[in-house]
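Could you have a look at this structure, given as structure tokens, before my questions?
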Amino acid sequence: MSTSRTPSIPRRLFARQVSAMALAVVAATGLPLVSLSAQAADTIKVGVLHSLSGTMAISETVLKDTVLMAIDEINAKGGVLGKKLEPVVVDPASNWPLFAEKAKQLITQDKVAVVFGCWTSVSRKSVLPVFEETNSLLFYPVQYEGEELSKNVFYTGAAPNQQAIPAVEYLMSKDGGGAKRFVLLGTDYVYPRTTNKILRAFLHSKGVADADIIEEYTPFGHADYQSIIAKIKKFSAEGKKTAVVSTINGDSNVPFYKELGNQGLKATDVPVVAFSVGEEELRGVDTKPLVGHLAAWNYFMSIKSPANTEFVKKWGDYAKTKGVAGHKDKPLTNDPMEATYIGVHMWADAVAKAKSTDTDKVIAAMAGETFKAPGGFVSTMDKENHHLWKPVFIGEVKADGQFNVVWKTPGPVQADPWSDFIPENKGKKNVPEKKS
Amino acid sequence: MKRDRMPEVPALLDVKAVLDPATALQEASRPRLLTPAGWGGVLLALAIVAIAVPLANLVAPVDSVFHLSDYAVGLIGKIMCYAICALAMDLIWGYTGILSLGHGLFFALGGYAMGMYLMRQIGRDGNYASELPDFMVFLDWKALPWHWAGSGSFAFQMLMALLVPGLLALVFGFFAFRSRIKGVYFSIITQALTFAAMLLFFRNETGFGGNNGFTDFKRILGTPIATASTRMLLFVLTGGVLIGFFLMARAIVTSKFGRVLQAIRDAESRVMFTGYDPLAYKLAIWTLSAVMCGVAGALYVPQVGIINPSEMSPAASIEMAIWAAVGGRATLIGPIVGAFFVNGAKSWFTQVVPEFWLYFLGALFIAVTLFLPNGLVGLAAQLRRKKKDVAE
Amino acid sequence: MRGLRHLLLIGVLYAASSAHALTALQTRAIAEGDTDGRVAALGDAAAAAEPGLATFVQALLDDAVKLTPTQVLVVEGDKVVDAASGATTALPSDAEDVVNNNRMRGALQATLASLRLLSPERGARAAAIDELGKQATDEAQLPLIEKAWASESDAALKAQLGRMRAGVLVASSDPAKRMNAAQALGESGEPAVKALLLERLADGTEPDDNVRAALRQSLDKVSRRLVWGERLGVLFTGISLGSILLLVALGLAITYGLMGVINMAHGELMMIGAYATYMVQNLFRAHAPTAFDYYLWAAVPASFIVAALVGAALERSVIRWLYGRPLETLLATWGISLMLMQSVRSLFGAQNVPVENPAWLSGGVAVMSNLTLPFNRIAIIGFALLVLGGVALLIARTRLGLFVRSVTQNRRMAACVGVNTARVDTYAFSLGAGIAGLAGCALSQVGNVGPDLGQNYIVDSFMVVVLGGVGQLAGTVLAALGLGVLNKVLEGWAGAVLAKIMVLVFIVVFIQKRPQGLFAMKGRSAEA
Amino acid sequence: MTPELQQAGAEALQRWRQKEQVSASSGGRSASFGRLVHAHEPDFAHGVALYLDDITVSFDGFKALNALSLAINVGELRCIIGPNGAGKTTMMDVITGKTRPDLGSASFGQNIDLLRLRENAIAQIGIGRKFQKPTVYEQLSVFENLELALAADRRVRASLFSRLSGAQLDRIGEVMALIHLLPEAQRTAGLLSHGQKQWLEIGMLLMQDPKLLLLDEPVAGMTDEETERTAELFLSLEGQHSLVVVEHDMKFVEQLTEGWKKVTVLHEGRVLAEGTLADVQANEQVVEVYLGR
């Protein structure tokens, strides 16, 4: 049985090894410089920067496919400016520094005209400097905490006021159960923290006392919600109608809801409204015990509109033909997918309008850009704040994992990335500052 | 004993040696720091880092074949930081036989020390136009917390980048080694340590920007950070540090100290009963390698532009071990080669086969452990030996 | 809630009311329009005590009611009937689902409850009482409650109704009634009652001092009961977490503890077990939907076998070359885990897959008003014990166990006395892998089943094994339960994040004191 | 092992015996004891090198040593025999600080309490130990093995910049010759034969130049001829060093004791009998223990 140790290499071999270092440097770094496809002049390259491995793959992989689908669609219609779109897919592997590196690669090596990507705030913040330095475009498709507004980013997901606040308003309404006390529950990172900060301020403005609000945070990937649920039960039993506002991060939702169901906490007693739980997240849960719990989004798969029926069908077909794992037998659409879809199309239209892929021209063209969204509304890109006007839907979980829309805004709502409920934002305009 | 593990018997074993041991032993007892060729290699590396790359990146026209893109420079710079970690890993694991699964922590601490300084350098250019970093404004903090006291001064933070990892390692190591924690037990508690630290840094209240960590740096020492020249400066600096550390490590392992370390690896009890105090030796090398990682972290942050707790995740630390192993433990060159090879492969695979790159990487690790017990460098040595056998 | 009060009132008259069916108008009013209108309509219908109401309400709750411009239809399995006339019809294409929000659902449930409060079978009554218990009660419902209370034969239910009654009376104008009520409430264990008592004790609300005293007494009693509920709760959650840690660590205790393989792919073997469970579940759903509730009985062995086979394959192909080189196994298995994860992503997709609890594992038993023990957790605790027993027997009693121990203690000697070490290794490793598979099967019942299921547990499982002492089954058990309970106790007052940190720090410190873990080997052998 | 090498070895042995004085002054003794870190010079005024009194060690109930008392004189060569599990190795563990006894006292000279010192300190005040299973630094060369054992400053800083003096080199050369490993100087220790490893470890002990040598089954796995030579070597050490030799090989013990020296028989953790080999072999109990009669 040989030992686990390695002998020290005799000194005589040493010289060659040192020179081996130089070789390795060249070799290792030479590799990534190899460009994949020869720079075809008749295509416009489009970067796709979504994690296909690591912890975020669970949510982001499907967005990659959505982008590819949208691109196929556009190419089928003859592409843009007479050129076909050529997607360049990379895997930042849920590793934040790698996001920045890959962004740089897409922009400077592959010379892509635009990048669709990112999910977590930290990944967005990691790539932001790259996009601003190289003055390129990022389309970010996920609901987020606001507190940011870059001229190089278009935010097609919801700002807090397009999701969180209407949801809480609904909970306080008669139909929502007239909740008086709130449990703000989230994973311990910036999106829940910010959202809850905004909500607390909002609740104060509605006359809810601090005594009637508790905030609870769990680590990433927290899988044991027994104590938390017990706490919620206790809190809810000690006073008037209680509701839970959940900003739990994707992966922890399944254990949370399973526990919720098994502890017998019914939506009619303590409704839970979630901002990060959509069709995709519920895929992993048995929803029968969860009927009536809520989610707030700008899109639901169950929305009845011709545009949506078409969108869902397109996705279903695409998933089947391309054999998208998981979706080919049970295709699902959700809000970030819709946001991605809108983003790609809007960008294409803007390019066509600007007759160029030049960043500044496209930004100019994006202002006021409209698109008939699957959501059933015409969503409009705000003239200046780089966010979409979006309708807000409140859905109740159904036994089949879909959502019943029980409430919706009369029309699209303008985004307010610098929420007025955060004192520091006083006097901040919802306009990207011109970076000098 | 497998053939490939057997280093050849040196030529100095001849009749003369037996008749006149003294001179032969003289020879054997005074290992040179590097062979002349070795020095050549070092100089070559130095030249590449300090002259060739800057020229290729800054001077050579973009379309020429000699041009090296900013992206490539950034990538190599990043990997050189990793190489430093691998080197540190090799000293403690390859030579002393102590596998740490917590070196990511020291790396991150160094990074955070630098990050804090860079955050302060943003000054009033943040979102909230405040002297405080944005995330503090956001937490409604009115003043800097105590642990940010010195963050304004570059010198102080750099000192911290050395001291914090160093002291942590010193204290942790002292207790761990004193209570004779060995082998996997040690590995696991180092893992526990870094995991705990990660959770701690995730908390916003800890005062390090929570999950987002530090990003969007503007300038370093007053000069803008996102310029080609600044980047090149950092690059050359990193390269210099790497080569410097390499020579230092070389000096260590060729000294008696280095041999004691290997002795500890091979038979710690014998070392003890020979009168050496393993605690002192382990502690020394352990602390040193932690400091090296701290330095690597400090160089890493300004180049990649972000530091966040995920650098402390157990996986990150395991990868460091993997770089060392792939390159070849107890060879010094090995870890550097390994770091470049693995990370180069990673960057390449994630680009050409984004859906399948994990298969390649996984297969690589398995292949290396199965077929190259001494890593790539070991393979090189083996091939040479084969050639010689054929020749003879 | 005006509507609610109505329909509670009518419950009294219910028995006596003259029977006539719901009109199409009523059904439409209940099924369509804004919630206020619907609740009102429901109230009126209840007030009129329509006989068809109960079934219709039930249908609404089951989402079995559809609307067409002309009709309100109830879907019963494959046949469709008009809610009003009861005439069977075909389902028109333009039929729309009736959507009930929480408020509507609440009202519907309350109606059912009030209708069933006097129903002959006990189960229905119990459910009804629980349901009503959740509504804010006041004088208006008193008659109904009193009636039910008077006619209730079952002691437990009668007591429950009594407390409900007291809950109302405690606010009555008559001090004597308040007095009795105050004392009666002392028998309750309901958190809601505590809230009520506190409310009554708020200064200004209760004039009479004696009553105040009585209230205070009752409050103490109730609080004491609740505190116990909470303590037991913490204990249970701790044990439950511990049992999960035990399951995830057991396999490792063999592959790593006994065989010295630092198996970084252990988590992925769990994941494989979980996916096996998922596949079995799908098979049952597809081919034997009636037996769906029993799919776990098939899933348990399946997950074991699949994981064990994968384990065997790994052992034969990779690990057997690495015995005695623990750190190499770390690297190789790390590579393996990467590949396993990615292959699952390619096969099943990166997103989670749904694994349902069978009916008998969903829900829980309410031991105390504020302590519900979910069935799946109870089951897992039992399961963990079973697996533990099995492993212990296997190692201690069987021939294979003997071989495993002999090989792991002295490979050469074992080989000399004719043990086929290679085969034993394979068996042992497969066993460890199989147990990991079982753990995965169990986890699928409480957590998500996705490609990185294993990653969340790998660190914990190593902590447990090392803390327990490598190669020490007893140590593993103690460590798992200890960490579980400790974690939950800390979580109680420090929050989840800090609790986890503290536990990790505890482990680090503890190992300082016991460098060989809880159960260290002593004597000369220790230096082996 | 070729005859001429044996010859060279024998000569080297002679040379070394003559050089004894020289090497003592140039070799590590002054070097090591001059800079003792953990303890003072042991005091042998009363002629007792090692004194164990009433030592008891138990592992989970099992008494490995049971009130063991033993005294070794300065310069004495004491053989210790006894059946397996008699506690021979455990006794060495206690002396070298590896195991802490539950009861009793152990002193080196009459002033140094061994039970208060850590392994390395004990080694530094001059107690060298050879393990039952030869333990050498497998990945280092024979030369490096000996170099590390060479009595010198054991502290980290010193080790960083240490260079071997000519005298020290000679010393290493002598010992290498003495243990017949000169030709293997650059060989990796892991590649030596079992017997050679035994020799190497003994050589390392000599490099330490200890006052007391504890030798646990030193000739296990040696050829008769090697055994012969080992005995010769040990006898030559007698006088300047105290030696405690644990051995099963009666022939070897006979050689060492030369018929008159004291032999100690251990059994069940206590001294069963003491006396010349002849005496103890005549002893009823001893015979019983060995033959289990």
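Points worth noting:
Should a chain be cited, it is by its letter among A, B, C and D, assigned in written order, with residues numbered from 1 in that chain.
Following the convention adopted for this analysis, a residue touches a chain if its C-beta (ideal position, glycine included) is under 8 Å from a C-beta of that chain, and two chains touch if they have at least 3 such contacts.
Note that the structure is a prediction, hence the values are computed from the model and not measured.
Chain pairs A-B and B-C differ in how many C-beta pairs are in contact, and the one with more is A-B. Chain B has the Cα centre that lies closest to the mean of all protein Cα atoms in view. The geometric centre of chain A is 71 Å away from that of chain D, both derived from CA atoms. Centres computed as Cα averages put chain A at a distance of 34 Å from chain B. As a whole-number value, the distance joining the C-alpha centres of chain C and chain D reads 66 Å.
Averaged C-alpha coordinates put the centre of chain B at 46 Å from the centre of chain C.
Shared interface positions of chain D, i.e. residues touching 2 or more other chains, are given as 98, 138-139, 188, 190.
Shared interface positions of chain C, i.e. residues touching 2 or more other chains, are given as 325-328, 341-342, 346, 455, 497, 500, 527.
Residues of chain B found to touch two or more other chains are 1, 6-7, 10, 199, 202-203, 262, 265-266, 269, 330, 355, 358, 373. By the touch criterion stated above, chain A contacts chain B in their complex at residues 2, 5-22, 24-25, 27-29, 31-34, 36, 52-53, 89-93, 95-98, 100-102, 104-105, 108-109, 120-122, 125-126, 128-130, 133, 147-148, 188-190, 193-194, 197, 219-220, 422-424. By the touch criterion given at the top, residues 93, 99, 175-176, 179-185, 188-189, 191-193, 195-196, 199-200, 202-203, 269, 314-315, 318, 321-322, 325, 355-356, 358-359, 361-366, 368-370, 373 of chain B touch chain C in their complex. Interface residues of chain B facing chain A in the complex, by the touch rule stated above, are 1-2, 5-8, 10, 31-32, 34-38, 40-42, 44-45, 48, 69-72, 74-76, 78-79, 94, 97, 127-128, 135, 137-138, 140, 199, 202-204, 210-213, 215-217, 226, 253, 262, 265-266, 304-306, 308, 310, 328-331, 333, 336-337, 340-341, 343-345, 347-348, 350-352, 354-355, 357-358, 373-378, 380-381, 384.
Contact residues on chain C toward chain B in their complex (touch as defined above): 256, 262, 264, 318, 321-322, 325-332, 334-339, 341-343, 346, 455, 459, 462-463, 466, 470, 497-498, 500-501, 504-505, 507-508, 511-513, 515-517, 527.
Against chain A, the residues of chain C that register as touching in their complex are 35-36, 63, 99, 101-103, 105-106, 109, 134, 190-192, 194-195, 198, 230, 233-234, 236-237, 240-241, 244, 323-328, 341-342, 345-357, 362-364, 366, 370, 372, 374-377, 411-412, 445-452, 455-456, 488, 491-492, 495-497, 500.
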